[in-house]
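Each of the next two complexes has subunit A plus one more chain, namely subunit B in the first and subunit C in the second.
Showing the complex of A and B:
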């Protein structure tokens, strides 16, 4: 309401303090245990870690997507000169700045590539259909590209995080101006790397299938997941007495709008890709969907249609839902599971023709997720959770959905 | 009058510490009302307007003559040949539908995103949306060959059991464009009701009062009216937002559902939408820049507004460029020889001139907007808008004609050349578009007065200059407003 007291940073706690080491320790423990459990489960399969490798790529793709979503979010906020987000932007900054850790987590993807990627299979690599692109799809070029992607992503995300933390001390307006000037380029470079990375990481599992839409498909799902994670992180901090009052129902309303909007956008992209391939019915294109609609995978695909698109769409359409913390928490958790399930449906059929449940994939969700979250927590420790001297902070505190 | 300092007005300086001043020149509610409504009610119609509308109406006449000729003789009067069964007709259709995207993006999506700057330009852009969709609608209607059965496009059950093919994207177009037209028109009209009431209240002649009065639907600016108006507006914005995506997506399905190399690619829907917004903003800018000057609206449509539009042009132009690159990359990566041939052929085949025109206009030109100097220079940006308009027409031409002219069977390859009928029909459609724009400028408020007022500092509840409740038009006499006796 217009006449209520505008909250200030003094009204709440804005540092992690004692909570930091505890969350860090717990997530690290979950991460390590998850990794070990997944490795155990994977080894027990007796398939030379093939399932483990697929499950690893799946979860790596998921958490990489969340961090890239954060990086793209920050860029968009600066190019549009948005103010509402300032009070929660530091959370996005640390989620993005964890990309160097993701670079380390990418090493197993490269090492295990032979178990996942069709282009590592000599029979396929030497086939006529691959002849023109073996120079592109091989382990050396693949590794080199990942190095470039991570230099770009880490460069931008660390730049945002470091300069923003520096601004907490100096309040230097030049930093904001520099962000505004560079964010356009950052977005372009990030978009190009993200699209190419999605081709490499997920699409090239089947090297004979391709879609111009795939980059957009991966980005749109990841962006929704990012907002869901951001919502839960904000709520967790508030439950611990941090960021209370300064992050209001107004901000959650915006989270809800973005989750709703990009859930819709994801549905639009997924539908367009599916429908166009189904309609034209060209064998080398429909083969990909055929694999994902037979032997039980069709049911998983149908589940993603409802879980990833239709249900959250209906659940988040109302203004009431977006401003209700419990409902928002429910849908945020739901969306994380649903987007993960969608990636499962995209990736795992390449491992097994028959629909299957992979305990290793769940263990790796905790494994990679735990390490990822430990990294995020570590970055958030020692600094304010809010960019305290951002010039638009006051506007963000006053923000109302009027 | 007030002219001298216009050039000095500059609100394009980015200052992160305070919000941008959207309305300049010391305007208040009253002066906004006067500036905008006087164009329609008080000012004498300039001679240039009569000259312009005569010219544009003449062009419209030529278009209808060409259509009549087409109906008499058949589509053979166009330059179509055997492999190229679609050319300028569908190019023009997609071009005009694309132009019609800026309006609804500005009015619906930017509204949901609380972009206050949209208020100065949304009316204009929405009007252009409607006019562009009218121009677009003509082309599929006349291209069907047997025009006397054009009603087959609509799902009308009839006694011959002639059901339309629901699996054809051309039929989806009828629904998509029809829905878009309907919702855009409703949105435009709903948003205009308070302003029409302002015109009604200020109009002097009986006829004007009656017409604007009827159009204003009994608007009295009461709290209840405003409450319902804002609810309706929000709902329409929510409904119109997916339409911004759906129309051009469905238009892209016309091509992408087929198996023609260069047409069948999954990224078409979002890439067409980005291209449509790109071309739409360029066309809005093309007309807005002269209009704001001729009608002295520099204080309302400021350089900041134009700069923001240029940023959207830069963003969507980059998306379009990125989509071109992705298509090229996947055409190579996918390894389908027909697909890679289609793209090599585009860039180096007989239509290379069109392809490079498109790339220059759509990919290179908008990148100049990275420079703030260029983004804020009126002359330069206007020239760039023209480039973008040309480039986006060529984009559709390249996609449609280059793929068709060299299809799967080399023995039937042929080069398409437009006939004078093709050219005059297209040029004539600009006549129709500009005729409608001129009529709009003359008879309707081209700035959303009521909305502009909501983003002015005096509309803020904390502003000391705040007027009393209900004084939305700034035309309630001060003695009533302040509750005192007449001075």
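Showing the complex of A and C:
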């Protein structure tokens, strides 16, 4: 075409060379300092690390969600044979492929379970209401399930990442075909494990309460967080002179559409879960919401309603916003804070009946986040940031929104 | 079979191209020549065409926004009036105006009104409905749905001058410049 120049990979830098070690070192340092600070703050509470444990579960759930969002995103892209995403897919691949690191980070969750989970409390575990649940909610089964989840997640995410990197060298089209054939199963297995993990990790803190929607509630929030993180990572790379030109306003427009769509989806799920319990008004079901709407937590809940749903919905609805880098950067940062705040509202009331601020939770955001980002950076080093020989790369470079 | 009357007033001048790249270059030239009432027709979407034609963003989102706000307010007002004012009725111990119970209807009407605004707003902006168009009576134009690319400049354009526009179109490198006539009722 006369007026349009289709960018090529030669137009920009597509490796982390020169940047990787610095980012890796900085993230690792932030992670370690954050962990130590959180441990110090937690110990200073004098509550036998109870607040630390809750804060740990909160931040582990957040970053696990980002990686699972990446894994599910890759699966959807192959199942739909989408091409627009190819130029940024490697970023999702490395974000998903840190799941083995998250498996290590899950060990404290299992070790600290006694401080967090109601079913570890003998008084609750032996109550009549738990009679049919103790066979599922006990430390042995909990640990075994986490092992299975991580085998499934790591298996798929490493498979995607390794095969995709291998395709950079061989250009083998069979790899793409294999991805397309297996992604349906990958999505099903990942979805089941994600839903069950959200029950184990977050919902079972109060083992007497249950919501069949909780899995999709956790997934939808995590998926929005993933797109927000992906947006910021892509912009960060572009600010360092990488992936410039090849990732265009068209790709950011799609990030924006997905962030907008799943922000609404999250709101829809959160509302549906609330409305059914509100309407049925059965004490054992409303207890969970009662705890989160009294003693100051109601204000936090209202804040998440607006911060997580209403404001980003209005902010991202316009096409102009989705194609404007500054606006997108703002909402991506906003969404990360808001989704984190929502998890805070879901998890922390079980620790304290009265609304409270936990500095340990913020320190652990930096701690787990730093280690997570160091892991992502480490995986991204040494290979191209773009799947250079993916058969749909050219379509992705030419991509324009209709 | 063409019994189409062609004796109406001049509606437009038209030229056609065999390849999308020629077509796109021609569109850029028409845009730069300052014409406003003109159009480009192709059998499939040509990427980059909006820029080449200088088409500005559509106003449709604003119409949809108004539709959505109307639906939202109508649903809320309706439920408030019906259940809390006109016929107060306690249902399973819920407040007369219980927002969680009202939201499904608010959501549905917001979507419905937005969809209507989008669908019919698009009609309005595209000048629909209309039963016929002079171009559709032109035999040469038939290949617009197969393998030809057309640039059409309408006579109502302020810059239109039958001689100069004809020469301009001829200079674009298309096959022929053809007159499109208004349809006259028999």
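By our rule, the second predicted complex is superposed on the first by the 399 of 402 C-alpha atoms of A that agree within 3 Å, B and C clash if a C-alpha of one lies under 4 Å from a C-alpha of the other, contacts with A are read in each partner's own complex, and residues count from 1 in each chain.
FYI, a residue touches a chain if its C-beta (ideal position, glycine included) is under 8 Å from a C-beta of that chain, and two chains touch if they have at least 3 such contacts.
These figures come from a predicted structure and were not determined experimentally.
Student: Superposed on subunit A, are subunit B and subunit C clashing or fitting side by side?
Tutor: clash
Student: With both complexes superposed on chain A, which partner does A:279 reach: first (subunit B), second (subunit C), both or neither?
Tutor: Both: A:279 reaches subunit B and subunit C.
Student: If you tally the residues of subunit A touched by each partner, is the higher count for subunit B or for subunit C?
Tutor: B
Student: A:398 in the overlay: touching subunit B, subunit C, both, or neither? Say first, second, both or neither.
Tutor: second
Student: Is A:81 touching the first partner subunit B, the second partner subunit C, both, or neither of them?
Tutor: Only subunit B is touched by A:81; subunit C is not.
Student: Looking at A:177, would you say it contacts subunit B, subunit C, both, or neither? Reply first, second, both or neither.
Tutor: first
Student: Subunit B has the stretches 8-16, 224-232 or 314-322; which one runs into subunit C?
Tutor: So the stretch of subunit B colliding with subunit C after superposition is 224-232.
Student: If I apply the document's touch criterion, which positions on subunit A are contacted by subunit B in one structure and by subunit C in the other?
Tutor: 2-3, 275, 279, 402
Student: Which positions of subunit A touch subunit B when the two form their complex?
Tutor: 2-3, 79, 81, 129-130, 132-133, 136, 173, 176-177, 180, 184, 188, 191-192, 195, 199, 208, 210-216, 257, 264, 268-269, 272-273, 275-277, 279-280, 282, 284, 391-392, 395, 401-402
Student: Give every residue of subunit B touching subunit A within the complex, in rising order.
Tutor: Per the stated touch rule, the residues are 14, 16-17, 19, 112, 114, 242, 245, 249, 253, 256-259, 264-270, 311, 314-315, 318, 322-323, 326-327, 330, 332-336, 370, 461-462.
Student: Residues of subunit C touching subunit A in their complex?
Tutor: 20-21, 24-25, 28, 45, 47-48, 51-52, 57, 61, 92-94, 100-101, 103-104
Student: Subunit C touches which residues of subunit A in the complex?
Tutor: Residues 1-4, 271, 274-275, 278-279, 281, 318-319, 398, 400, 402 of subunit A touch subunit C in their complex.
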